[in-house]
Amino acid sequence: RFGYFGKDQPELVRLLLCNVSGCLTDGRLHMSVGGLEMVSIHNRDLAGIRMLKNEGMEVILISSSDNPIPVALADKLSQQTKCELRHFKEQRQVEVERLIVEKNLGWKEVAYLGNDVPDVDCLNLAGISAVPMDSPMVVLNAANYTCQSRAGHGALREFIEHILQLKKSAQCRSEVQSPM
Amino acid sequence: RFGYFGKDQPELVRLLLCNVSGCLTDGRLHMSVGGLEMVSIHNRDLAGIRMLKNEGMEVILISSSDNPIPVALADKLSQQTKCELRHFKEQRQVEVERLIVEKNLGWKEVAYLGNDVPDVDCLNLAGISAVPMDSPMVVLNAANYTCQSRAGHGALREFIEHILQLKKSAQCRSEVQSPM
Amino acid sequence: RFGYFGKDQPELVRLLLCNVSGCLTDGRLHMSVGGLEMVSIHNRDLAGIRMLKNEGMEVILISSSDNPIPVALADKLSQQTKCELRHFKEQRQVEVERLIVEKNLGWKEVAYLGNDVPDVDCLNLAGISAVPMDSPMVVLNAANYTCQSRAGHGALREFIEHILQLKKSAQCRSEVQSPM
Amino acid sequence: RFGYFGKDQPELVRLLLCNVSGCLTDGRLHMSVGGLEMVSIHNRDLAGIRMLKNEGMEVILISSSDNPIPVALADKLSQQTKCELRHFKEQRQVEVERLIVEKNLGWKEVAYLGNDVPDVDCLNLAGISAVPMDSPMVVLNAANYTCQSRAGHGALREFIEHILQLKKSAQCRSEVQSPM
């Protein structure tokens, strides 16, 4: 099959990994003296998650110890998005590899949306990877795709539409070529 | 009368339908651990709603089950804007058609401000339709008018000014032509 | 004195009037189900108010019944900025004229920062007037000066710097010409 | 050593001073009637602070009486960022000079991120200085480096990356030249 040994095989992607802070949220934390902590998420990104799930893919949210989002708030976002949440404590690549082995997947089956230095290795290894427009330069260079949307303002949705579009194109190519 | 069989008949518009999340609000939900949920609305959009009502038109806000805004918050926005609120559970077009029959109206008498995939059919059917600037591509293509303002930052106001301008032009044309 | 009968006499300005909602704030209201209502103000604008007061000018904040900011919140902003606050209920121009008579001033001594249709007459009458960049077209046309900053993000500060600059230039001109 | 008597000696920088309001935060204060006050900080800026500390540099946050951030909230931000916080009451330059003497440092060893008029002297004196993109003109001119990012949206992170890059280049130059 044409393209089988090429770099991008979007038809294989079965799992999307997405940072909570700076990918699902805009990276900001709103704080009060009394200890109230708030983050902001966008309806368009939540709609994107539902679109991907409807196509049979899984979405897992990543929270880490670098992350200023308190654990309880990350759990809240997990409930709101109906996505599994993983709290990573060790080096990102090690944790993600443990996760994809557990899910019986390989890197080619993973789509990754990251936004900072600890994500660089995973962005390079994943089958498809993206970063929100407002990411540091070093991270922009590691991803296949740079979203035109900012984090927390549709970047996740845009990446999901990109994945679905690639999968659709790959299916068309595959259908055209199979009878030959 | 000239233009009677044309596409746009803004002089007929009597009802504006507007999504709460992503049209009246900017689509974002601010969340805390303790369960506090906030949305943001813009004074300019509220002023627009008052302008349209002063011209004798009705504005109905649409909330749906796809929508992350909790029911109680949508009700709050209904009070704040003094607009009726409808919670749609089924397919959008079916629900809107039920509503306009109930109001003794047809699609030509409806202006529709939408922002995502479930709105596409209604955007195509409505007499006049618009989307905020920051909407996904597929939705941008379905609307007559793309607002230069973002959702929750004056897009609703801009659409209302557009409607009022079109109505005024149509009235002028009609007055010029009636004596002939 | 040269320019005495010209349009702009910035050296005369002694009072700045500024809308609370959409000029001091960004025009947005953040709302929760439980009734929490928040608005956002910018440090740069507060610093501007202090600059103007240090030059002996007065700043009065305007709140109106068109305005979604609750009275108690406007009072809070009055305390925060240490500026007098007026709640206007009638037509804007009438209320402002009453205020400037009370202060023994004329329109030429008033600088006005407005952002919507009810401000148009005052923008036309005031000695100097401005609007934040993100104002509707009809309002942009009524003001002498269009701020490059958005409301709640430095528009007030920018207008104040503009006034101080004009006053300084007028003083220089006046000093050069007086000996002649 | 080449460049020893030049203006920029980034290899000497050991302390970064940063305003809380308008540098670490976006300069906005979110307020409710009931007295709730919130500010927003960005994960990318917090990651930057960690990067600088990992390279052995110190970060001190500056709060001042001009500043609308309540003392308790500034303390909260100090805990969140794990940076010392100083409340300055007198003229900025005097306070900073007292601080750098206390730390046994000179101006050449200080990096300064400021955003308003009271920072101008310190921006001129510091070894390296920067301002967020959205700063008033007079302040932009006083700094060595103008961040492309806005305050509270990565300006601090960008300045930190700039410092680290300059230090790295200076080290390379120094290594090339020492054997000669």
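Chains here go by letter, A, B, C and D, matching the order in which they are written, and residues are numbered from 1 within each.
Going forward, a residue touches a chain if its C-beta (ideal position, glycine included) is under 8 Å from a C-beta of that chain, and two chains touch if they have at least 3 such contacts.
Owing to the predicted nature of the structure, the values given are computational and were not obtained by experimental measurement.
With centres defined by CA atoms alone, the chain at the far end from subunit A is C.
Note: centroid distance subunit A to subunit D, computed from Cα atoms, is 32 Å.
Chain geometry summary: the mean Cα position of subunit A and that of subunit C are 46 Å apart. Residue numbers of subunit C whose C-beta contacts span two or more other chains: 30, 36, 38. Inter-chain contacts occur between A-B, A-D, B-C, C-D.
Those residues of subunit A that touch subunit D in the shared complex are 21-22, 27-36, 38, 66-69, 115-117, 134, 136. Those residues of subunit A that touch subunit B in the shared complex are 30, 36-44, 46-47, 50, 70, 72-73, 76-77, 80, 152-154, 157, 161.
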